[in-house]
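Every chain is named by a letter (A, B and C) in the order it is written, and numbering of its residues begins at 1.
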Amino acid sequence: MIKQKEIILPEFNRGFHLITDIIMKNITNLPEFGMLNIFIKHTSAGLILSENADPSVRVDFENIFNKLIPENQSFYTHIFEGSDDMPSHVKSGITGTSVTIPISKHKLNLGTWQGVYLCEFRNTGGNRRIILTTYS
Amino acid sequence: MIKQKEIILPEFNRGFHLITDIIMKNITNLPEFGMLNIFIKHTSAGLILSENADPSVRVDFENIFNKLIPENQSFYTHIFEGSDDMPSHVKSGITGTSVTIPISKHKLNLGTWQGVYLCEFRNTGGNRRIILTTYS
Amino acid sequence: MIKQKEIILPEFNRGFHLITDIIMKNITNLPEFGMLNIFIKHTSAGLILSENADPSVRVDFENIFNKLIPENQSFYTHIFEGSDDMPSHVKSGITGTSVTIPISKHKLNLGTWQGVYLCEFRNTGGNRRIILTTYS
């Protein structure tokens, strides 16, 4: 059985953001056992699961990703949409655009420290669309 | 309900390639709601979703990945299959080997700018096998 | 139809480890066609599919990831859990925390060279929990 819902996220600044609560509010009556897929319909943002407690983790994530895929490299050719654009596509290719989470006993079966991160790689990414699909 | 099909891709050069059309041709009669998983049966290639419009994005992807995981590093030990081999495994570990896409109203529910990329990390990767599985 | 099982892995040293056999032992009576999702409930470890034959691949993976995301960078702020902690979260964000594998004719439809890697990014990660979910 499939249940699907498309939602629009509020605008987030560039960076890594914990959005577990937003996801939770939008999935109700979970099946006893199943899976949840969260999918982002964009090529300059990503979704991952990571540490849900200390905000400094998200700050370091942003700085490490910027060092890994720096802006304004002389060999970039896709530059007409801004210096943050091409790096944002590559960062999105690295994080991926969906996460899949088991559902057990009507709940998301996340580890104690796991939360859902929106990875916003653009300076002004605007409202991002995500699709929540549960199957059981 | 599960539908599955294994296909063999034409040979692609090393680099990032848009293969959305090939995928589309091989999935027909999609369910009203469900998921598509695309899986590549290889350890030196990957699959991601990224920008589907400007070919320069794919050129930059290739150059950025080569800078990120360079060939011929002195500390590599898995070198007997060519200088492109060990980097290709790591690049594949970074991109991942499958993508999952929601199906809505009998269509892939991709964002406007999203396309399926084959990431061919070998100089001569040959024909790659992928498995298309829809579930609903 | 969903079948789910949570298992506890033996402790592994920091590094990349082939765990295909452990997975296989814990999934029996696979459906004719379907999918297997393997999910790790942690933020400092990952799961990928990669080369299953030569152990030197796993050694190089560890060294390449350490070079990619080095420890003890002066700009890190999340440092109170040890120098391996923040890098482990980022490495996990890069590899991802689940893999999805097609099931065909009652078997995992992996490529000849594909195996399941546990990516243990902590010096002392302890026993990791993973969830195996098959759906058909």
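Note that a residue touches a chain if its C-beta (ideal position, glycine included) is under 8 Å from a C-beta of that chain, and two chains touch if they have at least 3 such contacts.
No experiment lies behind these values; they were computed from the predicted model shown.
Colleague: Note whether the interface between subunit B and subunit C is symmetric in residue numbering, meaning over half of all numbers used appear on both sides, and answer same or different.
Modeller: Different-residue interface.
Colleague: How many degrees of rotation carry the C-alpha atoms of subunit A onto those of subunit B, rounded to the nearest 5?
Modeller: Subunit A sits rotated relative to subunit B by 120 degrees.
Colleague: Express in whole angstrom the distance between the two chain centres, defined as the mean CA positions of subunit B and subunit C.
Modeller: A distance of 20 Å separates the two centres.
Colleague: Give the residues of subunit B touching no fewer than two other chains, as numbers and ranges.
Modeller: 68, 94, 96, 100, 135
Colleague: Please name which positions on subunit B make contact with subunit C in the complex.
Modeller: My answer: residues 2, 4, 6, 37, 39-43, 68-69, 73, 75-78, 86, 89-90, 92-94, 96-98, 100, 129, 131, 133, 135.
Colleague: Could you pull out which subunit A residues touch subunit C in their complex?
Modeller: Spelled out, the residues of subunit A in touch with subunit C are 31, 33-35, 48-52, 54, 56-57, 59-61, 63-65, 68, 94-96, 99-102, 104, 109-114, 117, 135-136.
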